[in-house]
Structures are given as C-alpha cells and as structure tokens.
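Structures for review follow.
Two complexes, one shared chain (chain A), two partners (chain B, chain C).
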Partner chain A sequence: MSSMDITDRIRVPAGAWGGKISRLFMVAVVALVLCAVGFVVDREQFYFSWLTAMVFGVSISVASLFFVMLHHLTRASWSTVIRRIAEALMSPLPLLVLFFLPVILGNHDLYHWTHHDAVEHDAILKHKAPYLNVTFWVIRAAVYFLIWTLMTRYFYSNSVKQDQSADPNTTVTMQRRSAPGMILFALTITFMGFDWLMSLDPHWFSTIFGVYIFAGSALACFGTLTLAALALRRGGYLETVIRDDHIRDLGRLMFAFSVFWAYIAFSQFFLIWYGNIPEETLYYIHRFEGSWKYLTFGLAIGHFIVPFMILMSQWSKRRPALIGFMAVWVLVMHYLDLYWMVMPTHHKEGIHFSWIDLVCLVAVCTILVALFVRKLSQNPLVPVGDPRLPESLRLHNDY
Partner chain B sequence: MSSVSLPESKVTGEIVEDPRTRTTLVRGGLDFAGVTETICRSIEGKTPIGWYIAFGISLLMLGVMVASIGYLFWVGTGIWGLNMPVAWGWAIVNFVWWVGIGHAGTLISAILFLFRQKWRTGINRFAEAMTIFAVICALVFPTIHVGRVWLIWFALPIPNWELIWPNFRSPLLWDVFAVSTYFTVSLLFWYTGLIPDLATLRDRAKGKIAKLGYGIFALGWRGSNRHWINYEKAYLILAGISTPLVLSVHSIVSFDFAVSVVPGWHTTIFPPYFVAGAVFSGFAMVLTLAIIARKIYKMENLITIDHFDNMNKIMLVTGMMVGYAYAMEFFIAWYSASPYEGFIFLARAKGQYAWAYWIMITCNVLVPQVFWFRSLRRNIPVMFVASILINVGMWFERFVIVATSLSQDYLPANWGYFRPTLFDVSTYIGTMGLFFTFFLLFLRFLPMVAIAEVKGVMPEADPHHKPAEVK
Partner chain C sequence: MDKTEALYGMVAEFDSPGALLHAAEATRNAGYERVDACSPFPIHGIDKALKIPGSKVPWLVLGGAFTGGIGALALQWWTSAIDYPIKIAGKPYLSLPAFVPVIFELTVLLSAFAAVFGMLALNGLPRLYHPAFNHSRFHKVTDDGFFLIIESEDPMFSRSTTREFMAGLGGTHIEEVRG
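Presenting the complex of A and B:
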C-alpha cells in the first residue's frame, strides 16, 4: 500500500486550543465552587446529584474504551478516522477516579446498606454483607479504575507510537490484546453498574442490569463521538477525512444502540412486570409513583421512539446536522436515564430537579471535555500510522 | 492548509494477517465463470455416492420420526417421560434447540449484511437453508406435544365456537406469532437471494424439466439493471426486517420460561442470553455442515479457512456471552438472597442433574476456549469436534433449565427425577432425519453457495477494478 496524502489539517497547532481549554477549566472551577455551596446547603442532594453526573461522565469514557477495542477486535476500517477521537475520550479515565472521591465520602447518605443498624435488622442485607460492605466496595471501585487506567494507557500509547513507527504489527498486537480487554470491560462495567447504581436499592436485583448500563453508555459514547467529529469538521479540521459516510455510520450505530437499549430496558421491565414478585416490582413501583411515571414514559419515548423514528431513514442519516442534533438528544436521554435510576432513591415522591443537579453535571462535563480536548490537541487527530487508514479514507457506503 | 503525507509503513519482524491488505475471499484464481462452474457442478454433475447413502439414512430416520409421532397420536403424550413434576420435557428442549440452531442463518444473512461483512457470502446460502429446515423441525414439537393435536388450531387467533380466543397473555401464543413470522421472513429472504442463482441454473439447464422448474422459480429474471435495483432494495429491506426478528424470536422463546415465577427461570437476562446461545449453537451447526459439504463438493476455494476462522471467533464471542449469563445468574442467585433461587442454582451444580450441568459448562464454556488460538481456529478436526460438542452442550443447557427447575419446585413432597423414554429419543433423532432429508435435497437441487453474491464481493466486481491486477 503506497502512502497517501491528507490535505486536511490533522494536527492542532501548539497552543491553539489553550484558550478554550482554560476557559473550560474556569467554568469547571466555578461549577465546583457551586457544588461546594450545594454540599453545604443540601448535602444529601449534592451526593445524589454528583453520583448521577459522575456515572454519566465515567460511563461515556468507559464506553469509549469499548469502542476502541471493538474497532480493533473486528479489524474495522470505517472507524479508523474516528478512533483517535475515541482514544482521547477514554484517556481521562485515570483522572476520573477523583470524581469517585465524593461518592466515597457520601456513601452513608447514598447507600442504605452502609448503615450498620439497618443491616443488623435486615436478613437480606445481612446475607449480602460479604459483598455490600464499604471496604470491599471501595476496593472494587479501585480495581475498576485500575483496570481502565491500564487498558486506556495501553491502547492510547500504542496508537500514538504507531503514528511515528507506522508498524502494522502494532495493530496486530492491539487486535490481539483487545480480546481479553473486552472481557475485562464486560466485567468492570457490569459490576460498576451493580455497585454504584443497582445497590442504591439494596434489596433489588436484576441479572440484566450490567447489559442495561452498557447499552445506554455505548449509545451516549457514540453520540459524543459524533458531536466531536462534527465539531472538528466545523473547526476546520479533518474536513475531508471524516466524511458524511463516516458520520452516517455513526448515525447507524446510534440507531442500532437506541433499539438495543430499548430491547434490554423492555426485557427487564417486562419480565419483572409479568412475574409480579414484590421484591422485584418495588423498583418499578417507585418509578411509577408521582411525577416519576412521566419520566418513565418519557424515556420510552425519548430514548427509543424518537431516535428510532428519526434515525431509521437514509434521508436523515445523510444530514449531518440532524445526526448532530440526535447526538445531543441521546446524551440528554442518557443523563435522564441515569437520573431515573438514581434519583427515585432520594426523592420517592416525584421528580425534584435541583440546581445542584445542574452544577454537578456542568462540573463533570466541563472537566471531562477539557481533558478530552487537551488530549486531542496533543497528537494528530487521526492515527496517521494506522495501516488501515487509507481504507478508512476511501470509505464508501452503498447502504 | 498543509498537506500531510502518511508515513510509509515499516514492518518489524514477522507479520501474521497483515492489516494493510484484506485477504481475497475467493481463492484458487477463480474468475466469475469459475465460481459459477464450481457451484453448479454440485447440482449438474454426477451425484456422489455418499449423497445417496446419507439420503437413505436420513429417510430412515425420518421414518422413525413419522412412526414415533404416529404412535404418539395413537396413544398420547404418556409415551414420553413426562410426569409430575417435570411435565415439560424433551419436546420443549428440542423446540428451543432447533429454533436456536436456525438463528445463525439469519445472523449471517441479515446482521452480517448490515455490518457489511463480505465474507458472509461464502456461507450465507446454506446457513439460511439450515434456518428454514431447523425452524420446521422446531415447529414439529409444539405441534405434537399438545396431546390433542387436532385442536392445535386453538393456538391461532381464531375464536372458536364459544367465541373463546386464545390466551394472548401466554408466551406460548407469542411463540406461534414469533416463530411463524420468523419462518415466513426467513423463507422470503432466502428465496429473494436465490432468484438470480435460479436464473443461472435455468440458463445452464440441459433437461427440459430442469429448465422449466428453475425457470418458474426464477420469476423471469434477466439480470437487467432494473431487476438488480429492485433485488438489492428488497434484500436490504428484508435484512432490516430480519435483524429484529433474530432477537425477538429467541427472546420470546426465553419468555416461555422467564415470565413464570419458577426459580432458575425467572431472571431478566434471559432474552439476550437466549439470543446469544442461539447464535452460538447455530454457528456450530453451520460449521459442522460446512466442513462436510465443503469437502465433499470441493468448495475449498469459496469456503476458505478464513471463513472458518471468522466463524470460530463468533463462536468464541457468543460462547463467552453465554458464560457471562451463567455467571450473572449464579451471582444474582446469591445476591438476591432468595432462598429458592440460591437453592436451585446450587442444585444445578451439585444436585441430581449435576452431570448434565457439567456437560453444559464443559461444552459451552470450556470447549470454545480452544478458539483463543489462531492455529486451533484454523484446524479443521479441532473445530469439527468443537462444533459438535457445542451443540451437545446447548442441548444440555435447555435440558438443565427445564429439568432442574421443574424437578425440585417449591414443594419438596413433589420432587422427582425426569427420565426420558425410548420415544423421547426416537422423536428427537427422527427430527434430525427430517432436517437432513431437507438439507440433502437442498444440496442436490439448489446452489449451496450464493453465486451472484460471491461474485459481488470479488475484486472484479469493483467498478474501479483494473484487470491487470488479476494474478
């Protein structure tokens, strides 16, 4: 394969984004200060809002690691031009461990199973205590972050190394490593879901919960990648590298995963509804109480029906602006989905949006985006040494 | 705006499966005519003696099925090992097993098509044929297990003389809709793909009857641009419809169990877990059949070792998904703190059906681990044995689910042990005869590899292809 030329800008000039990044950090600092105010004003609300926002950020970043490994595992070429964006999006993971610290501090307010007196008088919680205890729970979170750190480091550094060496064997090795990596990913995201979200209601359980978290996170990750790709094009980067064909494929993935999410969400709901055993239905009863039922139905419409109707046709997938709008849409839905999982624990009577929700979300998102953008600016915006890049540049979709 | 040259690639050391190139899917220097020749030879040439032997055995087994079912209708379902507490025995196990086997065909023809996996063209035709025959075998069981088979029409949404409708809240009724829809769409999909190839056979046919027969089913295909445009649109739409069907059929089959409140059955992961298991066993069956058919009909240039390599990877992935589901069930059985759930899962591993459980774990979780190694993924004897073991394991998975949960339910006084009778075995073996009879007829009269589709993924089919590149 002979070398090809790319006429687009694929490298961010040194310091060109410095202003943007520092502005993002400034917003983050302001948001963090407001979070601290929220902590003082309403500590419990802060912890719940922070947990929702934190899982939102972490889940997108982890799903991005999944995207990179899936790319390698399937020896895909269409996604080669997008891979560097995904790599930059996963790279903040090691730092995101700091997001978890407030959750550790707030474990007593968040998780009922941390209350010793409650566990003492509850046979079920007593049974679960070998798993649901603060020490083991913190150790597990540390293990998840350690695994994610090692995996993101590995895939990022090798990808960047290949920019110089252009050694196809690097690709072969990464392909090989992503197979066991996928197993680690599946286990960590599952138990992350169990530990951080499912155990909010420690009596409740669902075997599909890990798959549910995965489906929503992957969808949100595809949305983020789409937005980043469109933003880069608008900013004058990769204009002919990431073409509408690539955006269309991202739109397809969003379509597929919104359907997949609906399939998983429906399976969980339907089997619990039909079985009608009190220990399982309680979870949904809370989510049909008061104004929560509007969010429950809203998710069915917004997380499934709307993206399904809009993204199904070729017509809409050929319109990058519409795909971009849907990317924002699925991100909002992912946040609402997490909100729906977390908040009924705190506000049983109905939806109670708080300004603290907003500042926590802004803090998490701005920090994540700032770290992501900083990483993106440090290296070429496409893996220039990837042996499948020429194939990716030539991508043409008939269907 | 600066222009960036991509760096020239430098290989350090040996390279396996060079990512700079894609392997060609058709080997042996075959051109378009060569592809047609290779595939049509199996229909137009002399039928191998092995085919007659296999067909004779299949017919014999089919006879066993007919006799077993005849006796079943005469005497009743009491000839099977069904009794309280296990009143749902091999019939449901075999039904789920056969439906599952069908899934690979649709996955290959529809989902891999949507993912633009060109290698699927080598195997999609007979995988789809296998789907249709497997679904037919599957449908035998729910039909005959009702006891009063002349009332099977009660399962259809037709109000009877008392204006009683079927119970729409029963997943068994949803099965009727799901499986019949799946069968219809699979058949249409398969037939649509066959049309250009039937026209090829028509044009090549020497005998009058063959010409007429293929001609009728080719629907006047002339290969014009307009024909191709309609064909490709239909193909894409059918692929789009088939994809959710792959998921829905086995999800609904899983609902047969999961909507109940029986420990070991009622768990939310069942739908995706059943779908993964179905694809897993289906691929194993495709592989078993492909290895034999490829050898006998000398299709090595069309169904290459790389096809097998990819299929083995898919079996490893789906096998790991199934393993994940087993692990989740076990973990949540403990985590739920429900004594019934905990009991049934321990009973699976250590109770009276532990032998079946460990066959299942060995075949479904341990055996596919051989596919981590490239050399074993490309070793035909290894994958042949593995593919058969996987289907054994998947049969036992359904058996474990049915038998363990039913034999030890909430009332210990009811506990029992399920023993199959000769008629359980003979009916099951008999449906294999049905399957192979259909499959052998398919091999004899229809192109087992999709001629037009294989040509479509050859480099010559690319409008930018330069003939000079052909070696």
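Presenting the complex of A and C:
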C-alpha cells in the first residue's frame, strides 16, 4: 500500500471546519471575558490560575515538538501517519507567547523573588539574584519562545514542502536537524520549568525538576495526539489510515511515560526525603499539609497506579475507546500535577479550587485547540510525500 | 530415515510466507488441530491463522512481580524493623520510602526472570531435537523454507488423505517424518 492507494479522506475540504473553529474562538472569548472578571475580583488568584493553565497548554505544544523530533531522530516509521497531527499541535507555539504576557504582568504577585525588599534581607535570594531577576527572566522566556518558533516553523514548513516534492532528502535533513533540536528542546523545557514553576518557591531547588516537567508534558501530549487521532477517525477522516495498531502504540507510549513520570517524581521526592535538608524538604512539607496531602497521594494513584494497571495489558490496549478514556485521564492528571506544583504557593492551608481556575483552563484550551484544528485543516492530514508513509500504513502488531 | 521409529507427522514445504499463512489457515479451518508452522522469520498473523491461544507468560510475570514486590517489602520490614532494628538518620524503622528502591528492583528482577524462564518452559526450550528435522529439506527453514506440520496424533490424520490435503493446499515435498 502506498500513499497513492489511500482511499480515506486525508484533506479537509476548505472551510469544512470553519464553523467548529469559530465556535471554539467564541467560547474562548467568553472565557477570556470571565478571566478579566476574575482578574478584577481576585487578581492574585487569577495570576496563579492563569499560570497553571498557560503552562498546561504550552507544555503540551512543546512536547509535541519533541514527538516530531523524536520521530525524525529515531527514523520511526510507525508514527508517520500521526506526525502531521503532532506538527499541527506544535505549530501554535509562536502565538502562545501571548499566553505569557499576563504572567509578565503578574510577576510581582506570582514570584516572591521579584520583591526587592525581600531579596535584600535574604542571603539565598541575594545569591540567586543574578539569575532570578525580572529582566533576565523575561529575556529567557523570549529566548525559549524564539527557539520554539524557529524549530516549529522549520519542521512544519519542511514537512509540508515534502508533500509536494516527495523528496527523501528532506527526511534526511530533518533527521539531522533533530539532533541539535533535541538538545535545544531539553534545555528550553528544563529552564522553562525552573523559571515559571520552580521559582515560585525561590528557596527551593530540584535538579531533576526539568525532567519531571518533561515526563508529564510528554504524557499529556501523547494523550492529546490519541484524542485527536480518534476524533479524526470518528469525523470520517483517516479511518483506515490510522489503524487500531497506531492507537495501541500511542497507548504504549502513555503507559511508558506514566511509569517514567512516577520514576522521576519518586526520585525527586526520595532524595529530598532522605537528605532531610530544611530548604529542600519545605516544598514537600507544604504538599503534605492540610488537604494538599490528598492531592499528593491522589497524583501517585491517578498519575501512576491507575494508568499503569489499566494500560499494562494488551487486552486494554486493543480497545481504542478505553485508550481514548485514558487519554482524557492523563490530561486531567497533567493539569492536576501542574496545579499541585503551582497552587500550594498561593493557598498554603489547603486545596482551594476556584471558578477562575476553570475559566483560565477553558480559555487556554479552546484557543490552543482552535489554532491546532485550524492548522490541521490547512494541509493533508498525513505527510503524503514521506518515504516512510507506506510502512506506517502497514503497521501491524501481533501482540 | 529409520522406519522403525514412530510416525510423527506429515511435513509439507511452501514457497512463500503468504502461502504458508493461507495453508495454516485452511488446515485449521479443515478441522486439523495439531498443526504447526515453521519459517525463517516471524510471519504477521500466523498465530491467528494457527489459532494459537494467547500466551500465559503475562500471568507468570504478574506472579513474579507480586512475589518480588511483596518479598522485598517483607525482607526489609523483617530485617530493619524486627530482627535487627537500627535507627538510621532519625527515620522510623519501618520507612516505606526507603524500601521503595529495593521493592522496585526485586519486582523488576523477578518479573524478568518469570518472563524469560517462563517463556522457555512453556515453549519446551531448550530443545536440541525435533522430528521435523528428518524432513529432507528442513535445513531450508533457517533460510528460505516455509514448512507446515500436521502431527499424526491429530484425530483427523490419515497417511493418504492428509497427504492429498496438503498437496491440494499447494505444498511440495510432502514427507512423512518419524522420530
């Protein structure tokens, strides 16, 4: 079977999804208005809610860039039919810089290290000031977005160009560029984690924090790709191109990354617990106090044990509906994981869900999904010129 | 070939993986039960064609995992909290976080043992001899030969009709093998 033999619909007719996209933007506008109301009612809550939701959206998009580069770097063939979805999911990144503007505005409410008087009388913060100062922090964020913009543009435009040219050299070049790209990805997502989340508690530090963010983000990205693949099939696109075998492989990745997340999460906790140094343990003490301990244990169960048990067997990985359910599940868990990282800074006494959390999440998700779907509709839904597409179309798992 | 040895079955050669797959399917559908296929490489769909039931290895691995995990917990609990308690870094004797690495490692170790040795045991390996080796062209199975075996213990087996049946499927070099 070659790309010529695909009988499924692989192109979205012009304007076919226009109604859906504008409805999503309308929901986004309503949610943004409610966010503005939230800002007026409770400014600090808004900033914390926005930060959580913003990192949720950006991290999934960045992890999608990782998926694309991983595909090239490993010369994977199975994921060729999934790759265009991942490319569309990463392509909103340049615009997502707008999501960061409220965080810049709210830096004083969010980050203790922005308070000059506090830094003056604090040896640790004074020591960290050359890195943790607003100017450098904004410059770094700009650098992350610049790197992501250049990389997503490069990989997206070359992939689309190959649709026409069917030039195998494009695949080779993209593979070559993925190696340095992967290093840049690792550095940017690590320092993104340090800057935006870890510095909420500026005395605390964990060298594994970047890997922790990466594990959760990649898991959420695989969940999003699974949902998108299932939604496309349900919508009458790629019905035989994306086989149950592809969904099963995405289920395997979700399984692997929920285990990876647990391994990293426990490693982070374990060393701090054993070392028992006050400025390190404080982070966990906050998260074992009040109702936060329920979320801490809830994440251990929901982010690890439940996906581990359900996704382990072949029986469940053969059921696309169940994989779809688990995809939603890991997305909820990724949000709760970020909530667990951010919110104890604001609500030390215990969990305090707010309606502002919800509207911020809705605003970020609808905008991200609308941009993603719009991009998806602009080009063929599979990379039709990719030399490895035929192999991906034949993907078959016996076990 | 030693004619005094018991008849093991009928072996036929096929010229492609696809032909073997179809032959395996047709043989099973015809009602033969004791059927096996041999090829130089794994063929997608051959398990289904031969109606081979699902592997029992996962259950053995689960058993290995629970044995390893519970064993590691019991070992550490007994040694550090009961038999020879020593205070370490002011932690309680029964400190679950400290036990996790060993629990993890032993769970993985015994799971891996169960997977590898369970697989070998269920396959009857290592095995140095098989009656099919007596087929005159069976050495091709490591290169370009695709073989189907119908065992003589199959209730439907008959020296004449089975031979005709295999010939009808397109099998060549159909031979009775003993041993």
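Methods note: the second predicted complex is superposed on the first by the 394 of 399 C-alpha atoms of A that agree within 3 Å, B and C clash if a C-alpha of one lies under 4 Å from a C-alpha of the other, contacts with A are read in each partner's own complex, and residues count from 1 in each chain.
The rule is short, and it goes like this: a contact is a pair of C-beta atoms (placed from the backbone, for glycine too) under 8 Å apart; a residue touches a chain by one contact, two chains touch by 3 or more.
Owing to the predicted nature of the structure, the values given are computational and were not obtained by experimental measurement.
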Quiz item: Are chain B and chain C a fit on chain A, or do they clash, once the structures share the same frame?
Solution: clash
Quiz item: For A:358, is the partner it touches chain B (first), chain C (second), both, or none of the two (neither)?
Solution: neither
Quiz item: So, does A:313 touch the first partner chain B, the second partner chain C, both, or neither?
Solution: second
Quiz item: Of the two partner chains, chain B (first) and chain C (second), which one does A:396 touch, if any: first, second, both, or neither?
Solution: second
Self-check item: Of chain C and chain B, partner touching more chain A residues
Solution: B
Exercise. Could you look at A:183 and tell me whether it touches chain B, chain C, both or neither (first, second, both, neither)?
Key: first
Practice problem: Check the residue A:105 against both partner chains and state whether it touches chain B (first), chain C (second), both, or neither. | Solution: neither
Exercise. Quick one: classify A:30 as touching chain B (first), chain C (second), both or neither.
Key: neither
Practice problem: For A:274, select first, second, both or neither according to whether it touches chain B, chain C, the two together, or no partner. | Solution: both
Self-check item: Set intersection of chain A contacts, chain C complex versus chain B complex
Solution: 270, 274, 276
Quiz prompt | chain B residues within the chain A interface of the complex | solution = 1-13, 15-22, 114, 116, 236, 244, 247, 251, 255, 258-261, 266-272, 320, 324-325, 328-329, 332, 335-338, 372
Exercise. Within their complex, state which residues of chain A touch chain C.
Key: 266, 269-270, 273-274, 276, 313-314, 396, 398
Self-check item: chain A contact footprint on chain C (complex, rising order)
Solution: 42, 44-45, 47-48, 58, 89-90, 97-98, 100-101
Quiz item: Considering the complex alone, what residue numbers of chain A touch chain B?
Solution: 1, 3-11, 75, 123-124, 127-128, 131, 163-169, 171-172, 175, 179, 183, 186, 190, 194, 205-211, 259, 263-264, 267-268, 270-272, 274-277, 279, 380, 384-385, 387-391, 397, 399
